[in-house]
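Please read through the structure below; I'll follow up with questions.
By written order: A, B, C and D. Residues from 1 in each chain.
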Amino acid sequence: MMSLITDLYAYWISVLLMMVGLYIVIDHNNLFKKLIGLNIFQTSVFILFISMGKVDQGTAPILKEGFETFSNPLPHVLILTAIVVSIATTAVGLALVVSINKYYKTINESEIQAIEREEA
Amino acid sequence: MILMHTPALQVIIPLIAAPLCCLLPKSRLAWLFTTLVSFSTFAISVLLVWQVHAVGVIDYEMGNWPAPLGIKYHIDSLSAFILILISAIASITLLGARSIIEQEILHSKHALFYTAFLLCLTGLLGIVATNDAFNVFVFLEISSLSTYALIAMGRNRKALMAAYEYLIMGTIGATFILIGIGLLYMQTGTLNMFDLHDRMPIIGGFNSVHAGFAFFTVGIFLKLALFPLHQWLPNAYTFAPSAVSVFLAATSTKVALYLLYRVFYTIFGFEFSFSTLHLGAVLLPLSIVAIILSSLIAIFQSDIKRLLAYSSLAQIGYMTLGVSLQTQSGLIASMINLFNHAFIKGALFMCLACIAYSIKTTRFNHMAGIAKTQPWVAAAFVVGGIALIGLPPTAGFISKWYIVLAVLETSWWLAIVVVLTSLLAVIYVWRVVEQMYLREPLDNIQYGTPVPMMLIICTWTMILLSVYFGIDNRFPVRMATMAAEMLIP
Amino acid sequence: MKKNPILRETSHLLIPAILLFALYVQFHGDYGPGGGFQAGVIFASAIILYALLHGVKRAEQVVSLNLAKTCAACGLLLYAGVGVFGILWGGNYLDFNVLAHDPIHGQHWGILLIELGVGLTVASVVLAIFYAFTKFKK
Amino acid sequence: MSLFTNILASLYVPLLGAVLIFFCRRFPHIIEIIFVASAAVLLFITFSIFKFGSAIYHQTFELYPLIADIPLAFHVEPLGLVYAAVASSLWLVTTIYAIGYMNANQEKKLARFYMCFCIAMMGVMGIAFAANLLTLFIFYEILTISTYPLVAHKENTEAKNGARTYLGLLLTTSIGFFLVSILWTWQVSHSLDFTIGGILAGKLSDGLMLVLFTLMIVGIGKAGLMPFHRWLPAAMVAPTPVSALLHAVAVVKAGVFCVLKITIYIFGIDLLQSTSANVAIVYLAALTMLLASLVALQQDNLKARLAYSTISQLAYIVLGAALATSASIIGASMHLATHAVGKITLFFCAGAIYTVTKKTSIKDMRGIGYQMPFTMFAYTIAAISIIGLPPMVGSWSKWFLIDGALSSGQIVLAVAFLISTLLNIMYLMPIAINAFINRPASTEPQYQEAPKSLLIPLSMTALLCLLLFFLMPYFYEFLQRIP
């Protein structure tokens, strides 16, 4: 039972982060904090990917004499791309939040909904 | 030489054009450039369809790296079918949309708008062309990110909230797909779709594959806006700039549907998805609820763009219903509906673009008597509405015929549900038609600016296409049949 | 800025080092750890640091928003251009083997050029995002 | 001209008329000429098909596959030819009447009106010559959609509500039942072709056959079977020429024509008799026949009374078809033509009365025979024909229908026919009697006879009621070719 936790600790961490992130996205009223939640959520996936690339006793995948076992570099490369995507998403999201703040004078979701209901 | 590189050119032409476009100084020049580019992608997709007919399947290895190592582009009848659809819609939309874009979007942002449009096109085409699971994710995000930006350019401030909601939901969806890819990669060590499929019998029993399947399912349903994950779609379609609504409504959910075919048929395989894991049992009730609920909600909308958005949700329900039947005929029906509905919905949103251009609103009340001031647009809407209802001789009828026939093979009560719900479309379409034709125009409404000829011509092009495919449907039916026979052997 | 001589002097020391490090990461991406993504971000961070300490206006005299935009587009074009070069020289898209007389050198050249494009784009895009937010008017 | 070009031309001519009218929409006189001309050409084309003789019957022309292997296909057979001939000849009469009516009542949007009229006629021709159910269905829906603007022509609230009922009911039945039953037929028999003897023999159990037949016939909403008859009175808000042609001739007759064609060529007479799949429709039609007559008695609006009369008369044809004996089929086919001639005359008269006096209520028509003698004389002739008394043409079809009911051993139905005839007399004749017996009230203004453009068409059709009575033997001989 313990080994399930200790051996797979990387997965537990990523699951924990994922849930924390999703919870923030769903629960928070503040649009900005939602984006932070989204980032945590995405980061958990990055950790998941990177941890699966790890090979026991493997080193960084650099060719050098004396090293035979390497970690799998492909997940790193994939995640590098995913990180860039996540940066872009965050940038777009932040830009939206800033604009929302400009036009609604608030970034609180329930307040915005109240304003929209008033309009309708 | 071009023929050899068509799969790559299909994607890289708009990709290269995007940065060039953002360097262009003048709005009109940017439009011309973008339109030319989208027409060239259309030409290439025509070439691809022709090649697929001639040789069957086209493979293209990026950088000459052989398949499981490198990224392979793989064009078969299914991808060619969707590619030609996307590029055709993009071309027609852009051709007609210049005036409405100039009216709705700040002049300083035009170049960026066209850049984002091209990136969105790149993303959508890329998803369809590539055969690499991770590449799919990247293109998915390219198209989504540019879509968020495009939606946020809407005139109403609600567009910002709509884009934000879509961003949150879309990112969660895409990330779920990424987790799915990760879990599959963990078990197989490959990202090539066919390679993944080949190893499925060996790894099919693993829990992580099942978990990956679940993540894929939720992620794709989110992108597809299938009930109950559809919340982002109505607002996004309603508040986006008119030209963007046209393009999105006609293509974005269609590409998500393509992804569904690819993931569940090509990667997981028909047996695994539908016999081992019962995807059909999940899709069937969701589709039926989506059809009934969205049609009912559509009836009570006070904004016509929103009405059409809900109608899109119902149509997506029909498409997934076809998939959930687990038969070849169901899949064919789903694909034919995908193709036909893209033109019909594109045409209808194009009509709304004309109306929005003329009277600056698409609210139901303001539609009163618009047939008197905009007879061509109103007539186009009527024809498009008839196609949406599914009456002959329009493309909608063909879709309905195939769907009901496919459903009849499975169960007769389901066929009755499908037919009765399609009658709901009569109500929401005819509500608008009556408002347009049989009401006196409101006094306080200005008669509106005349709609430019180009916009009307492009609207009618789409309308006539959706009628044409009702009269001569050999092309979509043949493509869909080929694709379905490939996916369900 | 005059009030904080320590910050200013430190930045004078740091910024060249950061830029140099960025270039190191950039051009050792072929055989070592590194590459365009990282280098671009490091490079941009140097300029952002400069902007934070000396004001956006001063920073814009160094790299203006328009220049950043142009560079972003050019970087992407460089990337795509190398790929198209592959097509023109008889290979597939992104085929580097044909870039030089033998495949190994070809790959080498290809990856360096591509990473240069990536670095350029990432640096300018990060900078452009930074400018966009700082210039946002309420 | 070959037969095939003839058939295609019968579709293209009205369509071409519509297109030309669209392009000349700014010139009211030119569109009237085009309108009449296309009707005349269509009449010529339809009658020239007769010269090919009986050898070409059931010779199918396939255009191209429409869905899967089902082609867009046309053929000629006696029943369709009768329908086409009736519709096209009455169309010519109606064009003249319509122009007179629309001008006299200063109606607007004439170009749209005439255009939709032409397209509706194309739908009728397509239905008449369709060689399979899919082709039939397509033209059926074209007819539905193209007549909607005609019904809603006045664009006021009343017209809107009427048109809404019209479209709603017709689409509900056609999509909800008709399309489903077509698909079901396709599924069980993998054929939709109209074939002598039917295509369904042995494909379904007796019970399911009953369900399919009922579903299909009820699905043809245009046949006006209860409880889906409401669209017909609702459509009476349309201008009278529309009511006359489309709701006494083209649309409703398209409905009963479909019923006949499906009974004969999809199910087959023998199959219906051996499986008794027709039983539900037979009684539904008999019920409709009587109930509609009773309702007609209570109507005070002349057009509404005629509408319910039409529902009742349509039920005759459906009943004749559903009885599935050769006499009843001949009677039904004959009634399709005779009722058309009679009912169009009645509607023309109603329209003429409205044009001159603006009266729609039967109460107010007392003594109108003194002011409009020709109109009311024509009315009387047509009424007698509808009732089925010699020497009017309607007597023949009723004779064969009752004969059919008797020969199938259904005495009850024969009695139902007779009761319905009595009811016919009760709701049609008082109007004529009142018009001639009572003098008009002295307070009434002095009305003139209707304008010539209205009077000539209605006298022509009234004359036809009389003339056809004597031509019936030829007609009978022709109809006997229907298997």
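In the analysis below, a contact is a pair of C-beta atoms (placed from the backbone, for glycine too) under 8 Å apart; a residue touches a chain by one contact, two chains touch by 3 or more.
Since the structure is predicted, the reported quantities are computational estimates derived from the model, not experimental observations.
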Q. Which pair wins on C-beta contacts, A-B or B-C?
A. A-B
Q: Name the chain with the Cα centroid closest to the overall protein Cα centroid.
A: B
**Q.** Rounded Å distance between subunit A and subunit B, as computed from the means of their C-alpha atoms
**A.** 28
**Q.** Computed distance of Cα centres, subunit D from subunit C, in Å
**A.** 79
Q.
Can you compute the centre-to-centre distance for subunit B and subunit C, using the mean CA position of each chain? Integer Å is fine.
A. 36
Q: State, to the nearest whole Å, the distance from the C-alpha centre of subunit B to the C-alpha centre of subunit D.
A: 44
Q. Listing for subunit A: what residues touch at least two other chains?
A. 95
(Q) Residues of subunit B that contact two or more other chains, please. (A) none
**Q.** Interchain contacts (touch definition) - all pairs
**A.** A-B, A-C, B-C, B-D
Q) For subunit B, which residues count as touching subunit D in their complex? A) 386, 389-393, 397-398, 400-402, 404-405, 408-409, 412, 415-416, 419-420, 422-423, 426, 430, 434, 437-438, 471-474, 477
Q) Okay, in this complex, where on subunit A does subunit C touch? A) 60, 62, 80, 83-84, 87, 91, 94-95, 98, 102
Q: Would you mind writing out the residues of subunit B in touch with subunit C in their complex?
A: 1, 5, 8-9, 12, 15-16, 18-20, 22-23, 60-64
Q: Over in the complex, which subunit A residues touch subunit B? Could you list them?
A: 22, 25, 31, 34, 38, 41-42, 45, 48-49, 52, 75, 78, 81-82, 85, 88-89, 92-93, 95-97, 99-100, 103-104, 112, 116
Q. Contact residues on subunit C for subunit A in the complex?
A. 32-33, 35, 37, 122, 126, 129, 132-133, 136, 138
